[in-house]
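What follows is a single structure, written as structure tokens, with notes after it.
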Amino acid sequence: MKRARGLILAVAGIVLLFPLAPLLLWSFTTYWRWPVVWPNFDGGHWLRLIADGRILPALGNSLLLSTLITCFALALSFFPAKILGTRNFRGKRLLELLLLVPAFIPQISVVFGMQQVFMKLGLYSNFPGTLTANLVFYVPYATLLLAAVFEDYDIALEEQSRTLGVGRLKTMVFVTLPAVRSGIIVTGVFCFIGSWAVYLLNNVVASPRFHTLPGVIFPLVSVGNNSYSTIATAIIIYILPVLFLLFITSKALASAGNLTKHNIL
Amino acid sequence: MKRFTAVLPFLPLVVLMATAYVWPVGTVVRGSFIEADGTAGIGNYRQILESYYFRDALFFSLRTSFLSTFIAMALALVMALALRDTFPGKRLALFMSQYNLSVPRLAAAMIMVLLLSPTGFLSSAAYSLGLTDGVAGFPWLVYDAKGIGLVITFVWKFFPYIGLSVLGILQSASRELEEQAATLGVGPWRRFFHVVLPTVIPAVTVSTILVFAASFGDYEAPAILGSAQRRSISVMLYLKYVDPDMKNPPEAFAMMVLSSLVLMVLILGYRWLTAGGARKRGL
Amino acid sequence: MSAFLSLENIYKTYPGQDGLVLADVNLTLAKGEIVALLGASGSGKTTLLKIVSGLESQDKGRVVLDGKILDGLPPEKRSTAMVFQKSLLFRHLTVAENINFAPRLNRAFERAELRARTSAMLELLHLEGYGRKRVTELSGGQEQRVSLGRALMTEPSLLLLDEPLSALDINLKWALLMEIRELNVRLGQTMLYVTHDQKEAAAVANRVAFLDGGRLARVARPHEFYSRPLSLAEAKFFGWENFIPCSLENGRLRSAMGEYALPGLALGAYRPGEGYYMCIRPEAAKNVGSGAWSGVVKSALPQGLGTLCEIECRGETLKLVLPARFVHHPGESVSFDLDPELFWVVPS
């Protein structure tokens, strides 16, 4: 059993990490072409991409957008999730199912409808519109994740606090929030990571005037004749922030077992 | 009064979803019933049922996502079984097995291009080791009409999702049942098929469905490493809608509605099946 | 006795649930008193406690504490504090932070004063040296002590305890019961103590309020429930067994088992001709082997010092505890006497 585990983990580690090898190798190479495996070292692609003038503003936009999506999603989902997770009422299962719908239905079936509606509402191709469009997907998602967190939460803690003479607001800040802290972190991380990947939606609803990182990076592969080195460098810039985020929150994620137990993730 | 305070927190959610989701969906659905001459009818649907491109894209996507989900599930099980006990270095192993949760699908697809394309990293390595005698000797793993690159990308990207769920079950509910079965004299293989699988599969229904739906509806990966001969449904619908001729966007709307309906029917069917199985076993 | 807490005509129903949870409950507590609120599960005792604390509101009736009407006030505005069955400690805080939780958040004291009071409370509860520990490191009994200290730190006029010791093992339970009694004496703390365990109620309280199906059946000293139950439900709850239908004629009990005069009972309150139950406590058997009653053992369940036997006797099956030093087998005949002190009669 122990040997089997070692073997499985070793193979899995290689399979999982191996795809990152060409990224690291090629992003520091002058000019990579087939069939070179061990190229020379050169940091020029980094400088050129950064000097390009599109990547950095898009990175800023993406950071801002994903941060705001995460904050809004957490704020709007907190109270509904608490009710869903701590109370039983008729139609609860149906409500949970409805909240899953935006995650099920292919986005391609919805985005052009959104484009038309957002044009009518003055939300097309601007920041508030892009934010709203993303929230449509991340508020229900966060609600379901947080509801699973609240299923493990004992509402009697609040009753206890209030019978001790502590008011509603202070109870929420000093009892409820600390009790579900790691669940909130996990939910926030998943919202951030999810929204970091959004390309199609932003491309259709926000494209002409608002650029996010995937919107700038996508054409590198699909349009033009960029070298693999440029692409590799751009990918690293793209995935580094979320990788870092996942790393610093890995401790909270280890407790995500509580979430998966409830069959949501 | 009490009722009102219970409903109030849902208000922003409902307003958001009604205006920015239900309304757009309504627009698409209504649009799908407007025929070329401007009257309402089901002509678009009749037309696309005869469309080879639609059927081909639908089957291609269903096949790709079915394969991806199945393989991801199998890998997730193996991985979770290897990870479930405590051992030194477990936290690192957990992080390693989950880091690509954070890698966006767009980046995952691009990474696979760098890795698997005929002029990519593996091809270079194979040539350097003398395994192939040139670019042409390396198999087409991306841009291929079979969707191999897509399946590899989806499996690599999605199996941690299922793995996380499976691990949760294996560490709690399933463990006690297995120990019970072992004390009753049931061997390891039978335990796996008669205890582990029946416990795990219904419990990860939602993650399985999410992975299936995400592979089915994904646009970025097939747009980057799909083939031009066989398009996946999202790419086909995108091209159909933004087609410069714009002859018939309602037809594209009808295709969007129909493909979503097919997906919903499959999902509900699967859910019903696993839930039914679980009920029969009293889980 | 001047009422410190008075519950007046409390009624409560839950929406979508048939019947009253509480019906016309009246109860008063004097300052410094412990009253145990005793009842089976579903008798409404926790609901009553929640009404006093403000976590639930009654449909009708008033709650008056120290001359102040509490109705409509939220829990945090009432000078009551509650200790629950689960310790409900805040896991992100240390033991000391749990204990001074409420006064700290409400800025009730200066910092130095708060620290002094916290360590005094730790000392009072025999938790010296635990202040900086995380609450996850505590044992079950310590957890419940912290919970108690956290409530006492608010200096409540009335301390409400909802089965605080039910989750603890038996030895710990008795030790903590003693401590709670001591706290009552030392601090003069008024307490309303909910429990479903008659022994616990008898041990902790001077007066027991017995709730039966949402009605306050009786408020009395604990021993009165044991020796003189007023109803069948009460008798069953306080450990009586063997309920034999009987009637009263000429000051004698007549039942299927025969006719008895019961010396020592005040029979004046009972009217001839009506139906009664004769109750016999299982501990009533004495003079085993030489008594005037005889019967056949049907089953025997050893219980340590005694053996609980079902004995077929004069057409009835009696459950009696016989001393374990005699070995009893089913089918064997035994003779015994019944202690008249452990006989009682309740109306049917």
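Letters A, B and C mark the chains in the order given here, with residues in each chain numbered from 1 onward.
Rule of thumb we're sticking to: a contact is a pair of C-beta atoms (placed from the backbone, for glycine too) under 8 Å apart; a residue touches a chain by one contact, two chains touch by 3 or more.
As the structure is a prediction and not an experimental result, all values here were calculated from the model.
S.K.: Report back the single chain whose CA centre is most distant from the CA centre of chain A.
M.R.: C
S.K.: If I average the C-alpha coordinates per chain and also across every protein chain shown, which chain's average lies closest to the global one?
M.R.: Here the chain at the core of the arrangement is A.
S.K.: Could you tell me the distance, in whole angstrom, between the mean C-alpha positions of chain B and chain C?
M.R.: Roughly 58 Å separates the two chain centres.
S.K.: Between chain A and chain C, what's the gap in Å when you average each chain's C-alpha atoms?
M.R.: 54
S.K.: Using mean CA coordinates as chain centres, what's the gap between chain A and chain B in Å?
M.R.: Going by mean C-alpha positions, chain A sits 17 Å from chain B.
S.K.: Can you list the residues of chain C that touch 2 or more other chains?
M.R.: Touching at least two other chains: none.
S.K.: Can you list the residues on chain A that touch chain B in the complex?
M.R.: 4-5, 8-9, 12-13, 15-23, 25-26, 33-37, 76-77, 79-80, 82-83, 87, 89, 100, 102-110, 112-114, 116-118, 121, 132-133, 135-136, 139-140, 143, 193, 196-197, 199-200, 214, 217-218, 221-222, 228, 231-232, 235, 238-239, 242-243, 245-247, 250, 253-254, 256-261, 263-265
S.K.: Could you pull out which chain B residues touch chain A in their complex?
M.R.: 6, 9-10, 12-13, 16-17, 19-21, 23-28, 31, 78-79, 81-83, 85, 87, 91, 93-107, 110-115, 119-121, 123-125, 127-128, 135, 156, 161, 164-165, 167-169, 171-172, 203-207, 209-210, 213-214, 216-217, 219-220, 223-224, 233-234, 237-238, 241, 249, 252-253, 256-257, 259-260, 263-264, 267
S.K.: Provide the residue numbers of chain A that touch chain C in the complex, in ascending order.
M.R.: Residue positions touching the partner: 154, 156-157, 159-168, 170-171, 174-175, 178-179, 181.
S.K.: Which residues, counting only chain C, touch chain A once they are in their complex?
M.R.: Going by the criterion above, the answer is residues 53-55, 74-82, 84, 86, 88, 90-93, 101-102, 105-106, 150-151, 154, 160.
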